[in-house]
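Written below as structure tokens is the structure these notes are about.
Chain lettering (A, B, C, D and E) follows the sequence in which the chains are written, and residue indices restart at 1 in each chain.
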Amino acid sequence: QNAICYNCPPEWADWGTQLRNIQEATGITVPGDNKNSGQALASLAAERQNPVADVVYYGVSFGIQAAQDNLVTDYKPARWDEIPAGLKDTDGKWFAIHSGTLGFMVNVDALRGKPVPQSWADLLKPEYKGMIGYLDPASAFVGYVGAVALNQALGGSLDNFDPAIGWFQQVQANQPIVPKQTAYARVLSGEIPILIDYDFNAYRAKYKDESNVEFVIPQEGTISIPYVMSLVSDAPHADNGRKVLDFVLSDQGQAVWANAFLRPVFASAISPEAQSRFLPDTEYARAGTVDYGKMAEAQRGFSTRYSKEVH
Amino acid sequence: MSLSHQAHQTLSDTRHIAPPLDAPSRLDAGLGWLLTLAVASFLIGPVLLSVLAGLTRNYFTGVQSGLTLRWIGEVWQLYSDTLARTGIVALGTLLICLLTGVPLAWVLTLHPGRTSRILEELLTLPVAVPGLATALALIVSWGTLPLLRSSTLFIIIGHVLFTLPFMVRAARASMQGTELIQLDEAAATLGSSRLKRFLGIIVPNALPGILAGSLTVVTLSVGEFNLTWLLHTPLTKTLPVGLADSYASMRLEVASAYTLVFLLMLLPLLVGLQWLAARTPRASLS
Amino acid sequence: MTRRGWIWFALPATLVFLAFWLLPMIRLAWLGQTGRDGGSAYLTVLSEPLYWRSLFNTVLLSAAATLATLILAVPVARFLAHHREFRGRGTLIALLTFPLAFPGVVVGFLIILLAGRQGILADLTERLFNDPVVFAYGMAGLFLGYLYFSLPRAISVLTAAAEQIDPALPAAARTLGANAWQRFAHIELPALKPALIAAGAMSFATSMGAFGTAFTLATQINVLPLTIYNEFTNYANIPVAAALSILLGLITWLILAVAHHLADAQQGAGA
Amino acid sequence: MTTHPPTSITLQHCAKTWASGRPALQPLDLHIPAGEILALLGPSGCGKTTLLRLIAGLERADAGSRILFGDRDVGDLPAERRNVGVVFQNYALFPNLNVAENIAYGLRIRGVAQAQQRQRVEELLALIRLEDMARRRIQQLSGGQRQRVALARALAVTPSVLLLDEPLTALDAKLRDHLQTELADMLRTLGITTIIVTHDQQEAMILGQRIAVMSAGRIEQTGSAQDLYTRPESAFVGDFLGQTCQVRGILHGARLQAGHLPLRFRPHAARLEPLQHGDLAATITARYFLGDQIRYTLRLGDGQSLQITAPPDCAFQAGEQAGLRILQSAAH
Amino acid sequence: MTTHPPTSITLQHCAKTWASGRPALQPLDLHIPAGEILALLGPSGCGKTTLLRLIAGLERADAGSRILFGDRDVGDLPAERRNVGVVFQNYALFPNLNVAENIAYGLRIRGVAQAQQRQRVEELLALIRLEDMARRRIQQLSGGQRQRVALARALAVTPSVLLLDEPLTALDAKLRDHLQTELADMLRTLGITTIIVTHDQQEAMILGQRIAVMSAGRIEQTGSAQDLYTRPESAFVGDFLGQTCQVRGILHGARLQAGHLPLRFRPHAARLEPLQHGDLAATITARYFLGDQIRYTLRLGDGQSLQITAPPDCAFQAGEQAGLRILQSAAH
């Protein structure tokens, strides 16, 4: 009994526990998969004739893209109606399962006494030279989210990426490390003291891995991003896939996300204990949303521009 | 030729015998020695670091945090399936390489003409051309076949393309020259059929090369990443793919421990290759 | 007459190669012809400075790494060839060739351990100068990585070649009055030339295609393999990925062909 | 020892052209009576090995050629079905098999019973006097021992024809000298129709009952050693079978007179006499003592230079004048 | 051609021990007068090359050894400062340089002006008669041509001593025969003190004005070819310089009588006579006609077997009985 999920990395968002729960509850084995959202989408496109995957997990804009390209098919799981509008495709080609907020994940020890940066502007200070990392905005989805968040915060819009591009050009002076894939472990090891990343990663480092890691929501603001799942068109094990999708939306499934410091799509799943570990809501007030459909459309243009103008 | 072998027993020489006058000068030997050591430490230093990191409780704090096998245990738990799969892929690759490569090597030896040169040149293209391109080509043309794409065989095919030239070259090295051809002819005049000659005379006498080729094939397959990274599916992860995963998402210690496991897997292969390399000149046909 | 009938033995390998490499490659080349927006992806690739820069980086880096590899490998090979019997020689050679089989990802990881932020080098310089030296993630790190996987192969090829040099040649030069440097420059180096070309070609080709190392080092420089990977995985832009792959393959193959031609010319003079 | 009754070999209009179009053998006819030992002698590259390979079936002759063993046309049979015994120049012994296994190989292939194989191998080991080396690896044999094992392997299958390609060339001079007569004895005892290829005239003379001299893909002359040496039909044969000297002169009875005809003779067919006794006056420019003979370099009155040999007791020294006398001219 | 006045070579108590402790040369003394050509003859592995390398400065002699060129002690000079010309066994021509560049190499190293280099190379090319091959690559030369280029390269720097290590061994028999006398002539014209290493007795006899026979790191005997052949001081020297036969018998004056002493003689020092004229009755078991001689295998009455040679006109056939007469015994 298998189901293949693209981009369900055991080390990200605690998919490891989730996959284990799925196995226990449904008997379906889902192997972990370390793609990122973009890779998952690309693989679906490459395998259109002969899909390998049954379900896929990715950032919302990839879901929109996949739906447009007909790589995924509609499925409305049991609790479909409870999902807030705007966090699901009307046909059911994608729907959110949880979301995360972008900010700074800071390994305080690795700062070697320097203050914890509080704003996008702080990161441009020379004292953080060699300490900043962000995922490649031109290729990794998290990187793109960072760019959008920063752009919004600095007064840009999805039609105008000038502020973000300007910031990236300036930050080059600080010689950032730009990995192509998750770099969670590198923050922990201190290799990247400051990483632009999601809150849940930072909390995981802080509470699960017990490192001296802080999460910072920058003063200028940021955005939250829903992560969504879809059933792949012509999935080889479509039935198993549906069961998996049902499960991640179940109370049991949603609780896993909350315990992994993500905001589950059903807020009721958050236990008070889990809630206490998040930054206070006043901080989260600075996290906005954007038009995810438009964000998806703008990605390619931004990537091209970034590749051309930032080095 | 006896003019020649000016070996230099000088290093271990304690007897009072003058060094040969045509020995390389002290300076030459000294500099060479230093540089060789420097290069060796560049190559081996990081390996040692990695081994150490894989056994250290907390590499960030250093060795004083104590040594542990915990990380290796964790690797075993998380990635033991990749170890087994890597073994299967390597053996499958080897089998196909043996069945196709050795006969081909023999034909190329017999017909050392233009066509053979072109064929051999073509065959080495998957090595010369970056693995990504080969993998892409495989995916776009054979990836559409149901079952094949998600099976281990798909990865084996990729590995065969990449390792076959090495098998052919190594086997040919043992067949080179006219000696084996003459053995074949001798066997023919004694009444032996083609298949019997191939199995009874050619293969046994090309064995050193075939062995060396086999070890090379297995070694390359075990370490292959460029192709595998694109060819694998979540169900067909091999060791290097797992390594890349762990480098990205695991603690440094776990990644190091995983590397350590990989090195342990490679070690017997490399030792075998060394041993063969040292032996082959003597094992060559007389 | 005895040879003709063997031809069938070549069939399995030839079929495997045709079916799984040549035809797919042709297919891939054809895909590059059918761009996303209707136009040929080859045109897109050729008209886009981004790709040119990526190509330029790749070639430059590979060439530099190759050159450095040869410069380091020659003295090592000479040393090993001149000293055939000393205790620990086998171990030394094993150490020098052990990394031969490391995949690019491992090499990348090792370079991070060496020159990354947590690397031994950073640690040392931090302690000594209070200013950690870190260069794993840039051009320098990639260069080091390429050097790392090229050296073992170059050393084994060159050592074999150096051992092949007839010791009577330098001895003859000696009786004619040549000093150590003259013997090296006039006799040894020319004798090593074919091996230098072969080792250089090998190092260059591997560097051109090296994906794992760059992937792990997460470097900011775009080398062509990474560009291809990005096109394929992040944008699912298969035509451009195909076109770039074909381009990279062609260039690598071309440079190798030139090198082989040079080596053959050398050999030809020798035959 | 079981042997077949010997077969004659007949080549009719036998030719070979390489794929490149270059001819290796001109159409040639050759008949070797059953049981004869023929030595094929010729310079390197003249096509000796090629001819042998045609007979063995390792190479296919041009269309129109006929190769008969007795009166059976074998031209279309591949090597594995001709039943020829071949001893290759470098012996081509199988290094993965030991001495006994090498000898038994042909029998094994033919599915001969184990016991019979063993018996036959023992017979052959006795013949080549290597009884106690049955289990030796090939690499542990000396050159001469290998040569004999190769012969035994070829004989094991009781071939109708035995072909030897330069069987002694791979050995060093002293050993070669010794084995020549030994091999000659053994072959004469066996009585199989045999062809021995060689480029060494002494070897041909010792081993061959008859000699065929080849040159550039052609058979120049066939006959006994003495025939060929004393009555060569061409300058090529004469030169190839031994040194020849040449002076311009005419032989009148036993006396030489200065003249313009080139006169050819063997170096030992000349004699140095005191000046007044010789036919031609010669200055000795060099004298090399070689043990069993002395080699003289002479300059004749008209400036011609030549080398002759004399018995080791010849006392003429370099710088002296002597009379040259030619005892017998080579008839060509 | 510029040449230095020749230098004598003197070895005093010259020995060589390998690092392993194995002796290569026992302490030996040898004097080669200025201008002499000495042939160093001995079986493989006896230390000939080692001795040559000591003199060339490529190997260092054991402490206490002295090597003098004239009266200058060169023992501590490295090869590049001894000014010796060496022709290596396989010539060791530089494959990356053409013929002219090879010959000029020593001059180039010495910084001789281009024009002078060119002139000297031309002189030498003329000497070795390869004027039109100056631009050829080494790989395009035949063995004999290579040998001459190697000689020219060694001569270019006007060495005080010329050392040749088996200069003809790499060539095939016919060519070797031809070049032996040519090289001998050339060396005698040059007048340089020369040592030629060889393991071929004919080569030593033709090339050397004097021969030193070596065995196992020792010089056994030194003398002219005729001396060594006819008056060997040891069985080794006698055997090494030519075939010997042995019968049990005693020579009384010129007559042989059956006896128990082993009597040794050269194969050509025996003669076959009609049975009643010979000293010992012999059965001819085989007769091989070899052109300039006939080889007979004989069996004597007591079962001894031996091979002798006879002139080509000897008429005894295999199977016949003859009388064996020994003309002269080898005196050892």
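Criterion: a residue touches a chain if its C-beta (ideal position, glycine included) is under 8 Å from a C-beta of that chain, and two chains touch if they have at least 3 such contacts.
Here's who's who by UniProt: B, C = ABC transporter permease; D, E = ABC transporter ATP-binding protein.
Since the model is a prediction, treat every value here as computed from it, not as a measurement.
Engineer: Strictly by the touch rule at the top, which chains does chain A share as contacts with chain B (ABC transporter permease)?
Structural biologist: C
Engineer: Based on Cα centres, what is the most central chain?
Structural biologist: Central by C-alpha mean position: chain B.
Engineer: Once you find the CA centre of chain B (ABC transporter permease) and the CA centre of chain C (ABC transporter permease), what distance in Å lies between them?
Structural biologist: Here chain B (ABC transporter permease) and chain C (ABC transporter permease) have centroids separated by 16 Å.
Engineer: Would you mind pulling out the distance in Å between where the CA atoms of chain B (ABC transporter permease) average out and where those of chain E do?
Structural biologist: That gives a centre separation of 51 Å.
Engineer: Using mean CA coordinates as chain centres, what's the chain D-chain E distance in Å?
Structural biologist: Roughly 27 Å, centre to centre.
Engineer: Let me have the rounded angstrom distance from the C-alpha centre of chain C (ABC transporter permease) over to the C-alpha centre of chain D, please.
Structural biologist: Centres of chain C (ABC transporter permease) and chain D (C-alpha means) sit 55 Å apart.
Engineer: If you look at chain D, which of its residues touch at least two other chains?
Structural biologist: 57-58, 78-79
Engineer: Among the residues of chain A, which are close enough to touch at least two other chains?
Structural biologist: Answer for chain A, listing residues that touch two or more other chains: 46, 179, 181, 183, 189-191.
Engineer: Mind pulling the residue numbers of chain C (ABC transporter permease) that touch at least two other chains?
Structural biologist: Touching at least two other chains: 2, 118, 166, 168, 171, 174, 215, 232, 238.
Engineer: For the complex, give me every residue of chain A touching chain C (ABC transporter permease).
Structural biologist: The touching residues are 35, 38-39, 41-46, 130, 136, 138-140, 175-181, 183, 189-192, 300, 303-304, 307-308, 311.
Engineer: Under the stated contact criterion, what part of chain B (ABC transporter permease) meets chain D in this complex?
Structural biologist: On the chain B (ABC transporter permease) side, the touching residues are 179, 182-183, 185-193, 196, 201, 204-205, 207, 285-286.
Engineer: If you look only at chain A, which of its residues touch chain B (ABC transporter permease) in the complex?
Structural biologist: Those in contact with chain B (ABC transporter permease) are residues 2, 4-6, 9-12, 31-34, 46-47, 49-50, 52, 179, 181-185, 188-191, 209, 236.
Engineer: What does chain E use to touch chain C (ABC transporter permease) in their complex?
Structural biologist: 56-58, 78-86, 88-90, 92-96, 105-106, 109-110, 137, 139, 153-154, 157
Engineer: Taking the touch rule as given, give the residues of chain B (ABC transporter permease) at its contact with chain A in the complex, in rising order.
Structural biologist: Against chain A, the touching part of chain B (ABC transporter permease) is residues 59-60, 78, 139-140, 143-146, 149-150, 233-235, 237, 244-245, 247-252, 255.
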